[in-house]
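Two complexes are shown next, each including chain A; its partner changes from chain B in the first to chain C in the second.
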Partner chain A sequence: MNFTARVARGIKSLLVGLGVTGRHLVRPVVTLQYPHQRPDASHWGGPIELVTFPETGTHDCIACNACARICPSDCFAIEGKRPEGAKKMRATKFLIDFSTCSLCGLCVDVCPTDTLQYSRRYEDVAYRRSLTVNDLLAPFPEDPYFTGKLA
Partner chain B sequence: MSALHALLAGPLGGFGATLLVGVVGIMGYLTFNVLFLIWLERKVAGHIQRRLGPMEVGPHGVLQTVADMLKLLGKQLLTPVATDRFVYLLAPLLVFLPTMCVASLIPLGRAQAFADMPYGLIIIVTLSGLTVLAIFMAGWASNNKYAVLGGMRSVAQVVAYEIPVLLAVLSVVLVAGTTNLHQLVTNPWPRLLGVPVPYGVVEPLAAVIFFIGITAETNRAPFDIPEAESELVGGFHTEYSGMRFAMFFFAEYTNMLVLGALGATLFLGGFRGPFQGAVPLLGPVYLLLKTYLVVFVMMWARWTFPRLRFDQLMSFAWKLLIPLALANLVATAVVLGVLA
Partner chain C sequence: MRTHPPTTDPLDTYTLNMGPQHPSTHGVLRLLLTLRGEEIVTAEPVIGYSHRAHEKMAENRTYAQFLPNTSRQDYLSGMIYNFAWVEAVEKMAGIPVPERALVARVILAEFNRIASHLLWIGAFLLDLGAPTPFLYCWDDREAILFLLESVTGSRLTYASGRFGGLARDLDADFPRRAREVIAKLRARWPEYDRLIEDNVIFRNRAIGVGVLTRDQCRSYGVTGPTLRGSGVPYDVRKAEPYGAYPRFEFDIPTRPEGDVFARYWVRVQEMRQSVRIIEQALDQLPGGPFLEPGSIGVKKRLKLPVGTQYYAVESARGHYGILLVSEGGAEPYRAKFRTPSYPNLAVLTEAMPGTLVADAVAILGSTDLVMPEVDR
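Moving on, here comes the complex of A and B:
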């Protein structure tokens, strides 16, 4: 290519470049102003939580330990007790060590009562490792099966 | 401005009044301008990258640069032990002085510039070359290899790009027949097909060369190799902190404004515009609009083009820009000779 053609090509490429950035300049921005604007988390699979069933208003964990057995990271610590006169157990302690959880979802799949699900939380933070242990029963301060409201 | 002059002329005397109004007015405006330009730069950069830029301090982040300035004011001023102390301290002051002198020479309206010189254009070209001296002083006195390299690159670059700028300016001077900036604007414009047009239309090549030249002289991308972060840390201002660093920043953005204003005056008709004759206050408005247009294009270019390598930069200036500017000057002279 001779000199003039190269110069012409160079000038053209500069203008094309300005055109590209100029178009982006007037297009809408793609970033979110995070604390003010929130992303759509409806498809987000966050830390595991217990499902609240609308019929009973509580979870349906029977402390079967299926999740604890299938968990490849051994995050679960579950204890259960049988309410008086009931056939099924109820969980009395349900801890997940989120620092080792890989969110693989095997517990969600294996749960016989479908009471485990991914939460929509995406902002969990902690300063100490001990705080990464999630108490899944914390949203359920009282269990209607134990207080006799449900049988 | 003339009314203000008259007001102050009595008690203070003409010269004192001009000095006072000039210094206070220019410094105040330039400070405001730097804060605005840095904000604008960040906004332009943001939107080109599909971001929003500063948004938190004030509506759309307009006060962000004020906060930044306050932060810089509060920072400790560090002086490295091995510096050439006097030169080191002088450089941030000196970098700003020529720019301010040049700012006072740009005609703002039909009334007057702060200083009206018969050879204003020559003085501007001379003064704007002085900035590089301060930059080299900063680099040299810092006693830091990156700073010295940045300073040396800056000198080489400005020396190379002064020439095409000067030649481009000269071709306008040839057409206009004056080096007085005020006359340059108010003289009857050249006519193209019977329509009076600004000098930029009859000298498009000179306008482009001038634009490239001032981009290089203000050390802005794609010609920002004196402060190429990836190679030279901060370049000549590596060892400066706090307000001393801010002075270099201040000078860069003021330089952008002043050279943009010079470009607007030379090529875009300066303070002239519709109804400007009837409403004199529109003069500065037109000038600033045109100036910020030039500055905006400089910002646009910065966020579009990658930085040039040093040898590319030099060969571009010496092998392409200077011959082109010379040819343009000769062609202008020939055309003017034929027409006359």
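Moving on, here comes the complex of A and C:
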């Protein structure tokens, strides 16, 4: 190919590329305008939380430590107590250190009472490392098994 | 391309550290370049900056506990690495996998491969000074990541494989959404061709640059698109078919030139083949369970029989192999990972001498390195 033909072909390729960009200029915006628009997080697997069962109105954690045993990163700190006359234990302390969690979901799979699930939270921020420790019992200030409302 | 014999005169050359923070090294790679003017005399990769001892970590945790580590070796095609570990353990333990999970794994892995290649195209062209394709690639990749998030809950580092199936099922709406994403990708391909492949600047910077011959690739153990760009039709999916791959039709795109452009072309064609596989898989997606009923999943401690086994898959970068040695315990005695980026990086010592510094960026980018995978 001679020089002129090569130059012509080169310029044409640049113009064709410019045409592609130009067409995109008039297409709908694809960027999510984040604080004003929110992503659909309905399938997002965020930091784990305890499930509230509608029958009891509370979680069903029996402090069996299965999640703590399977956890590759040793995130969990769980303590439990047996309510008076009950067969099963109840969790009295359930902390996860989110700074070491890798969201693998093994704890969710391994839970024998299915009381762990991914939350839909995706915006957690913290200024200090100590704030990354999540207290999963915080949404359950009162345990009906301990106050005698449920047996 | 001019080549000079290596010089020993210290006044004749100088040394340049490219990296470990250089943006075009995509992670923490340091290239020790010996330069004569603008021309590279030798290029020595210095690695190890993101070594996290994955192989050692595998030895002190159970097979299930290693699942989140797998996708962190290569964070751009984590799904493939995750399934490779799951399938290696399944093969050794003889765990049956339901049909639906096998086909679903192929769909998810191929989507992840396309996402990885799209990211590569965007980042590679950004290295060459073309920021526009980056935005379009990211838009397409976002659609795929969103689709994968809807199945796995994660966007990048997936841990969705379980011994005997998957952690979550593909929902009833998944095939429709997958086909929508495919339609979006398909519509974009002619644009990529017009914008990138025919572009005079890209062609001049890519054609004939960084040529790797077949023999160089063979002697270094190069695999993946880098090898196929040098004309060797080696793909683990065809050479040692695994999972559900034997039942799908696809071609192995190759190109004989071995230059930067060939490697680009091969990856672009590979995305089209991946879409071909996904469409067949969506048509054939069987019903039934996604996790073998009564399978141990992760609930019970899995113990593997005594023995040694090698299992290989085709990742987005090439031949990824897992050598598992079990002594019968709940933890592997040894797990060795053969990652494709390591030989693909090593061969650059042959490709770079004689080129210019700007070409070094193009050559480095064209091999699609993921540094955490090199170091592991």
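Here, the second predicted complex is superposed on the first by the 151 of 151 C-alpha atoms of A that agree within 3 Å, B and C clash if a C-alpha of one lies under 4 Å from a C-alpha of the other, contacts with A are read in each partner's own complex, and residues count from 1 in each chain.
Here is the rule we go by: contacts are C-beta pairs under 8 Å (C-beta built on N, C-alpha and C of every residue); 3 or more make two chains touch, one makes a residue touch a chain.
Bear in mind the structure is a predicted one, so any value in this text is a computation, not a measurement.
K.L.:
For the combined arrangement obtained by superposing on chain A, do chain B and chain C clash, or do they fit?
P.N.:
fit
K.L.:
Would you sort A:Ala86 into first (chain B), second (chain C), both or neither based on which partner it touches?
P.N.:
After superposition on chain A, A:Ala86 lies in contact with neither partner.
K.L.:
Scan A:Cys64 for contacts with chain B and chain C and give back first, second, both or neither.
P.N.:
Touch partners of A:Cys64: none, neither chain B nor chain C.
K.L.:
Where does A:Arg9 make contact in the superposed view: on chain B (first), on chain C (second), on both, or on neither?
P.N.:
second
K.L.:
For A:Gly17 in the superposed arrangement: first (chain B), second (chain C), both or neither?
P.N.:
both
K.L.:
Could you figure out whether chain B or chain C reaches more residues of chain A?
P.N.:
Of chain B and chain C, the partner in contact with more residues of chain A is C.
K.L.:
Should A:Leu103 be classified as contacting the first partner (chain B), the second (chain C), both, or neither?
P.N.:
Once the two structures are laid over each other on A, A:Leu103 reaches chain C alone.
K.L.:
On the A-aligned overlay, A:Tyr118 touches which partner chain: chain B = first, chain C = second, or both, or neither?
P.N.:
So A:Tyr118 only meets chain C here.
K.L.:
Would you check which partner chain A:Leu25 touches, where first means chain B only, second means chain C only, and both and neither mean what they say?
P.N.:
first
K.L.:
Who does A:Gln33 touch here: chain B (first), chain C (second), both, or neither?
P.N.:
Only chain B is touched by A:Gln33; chain C is not.
K.L.:
For A:Val51, using the defined touch cut-off, is the partner it touches chain B, chain C, both, or neither? Pick first, second, both or neither.
P.N.:
neither
K.L.:
Note down the smallest distance between any C-alpha of chain B and any C-alpha of chain C in the overlay, whole angstrom.
P.N.:
6
K.L.:
Using the superposition on A, tell me which residues of chain A are in contact with chain B and, in the other complex, with chain C.
P.N.:
14, 17, 20-21, 24, 30
K.L.:
Enumerate the contact residues on chain B facing chain A in the complex.
P.N.:
Within the complex, chain B contacts chain A at residues 44, 46-52, 55, 300-301, 303-305, 320.
K.L.:
Give every residue of chain C touching chain A within the complex, in rising order.
P.N.:
The contact residues of chain C facing chain A are 61-62, 64-69, 72, 132, 136, 139, 142, 146, 149-154, 157, 159-160, 162, 167, 191, 194-195, 198-201, 203, 297-299.
K.L.:
Which residues of chain A touch chain C in the complex?
P.N.:
For chain A paired with chain C, touching residues are 9-11, 13-14, 16-17, 19-21, 24, 30, 40, 43-45, 70-72, 102-106, 109-110, 112, 118.
K.L.:
Could you pull out which chain A residues touch chain B in their complex?
P.N.:
Where chain A meets chain B, its residues are 7, 14, 17-18, 20-22, 24-31, 33.
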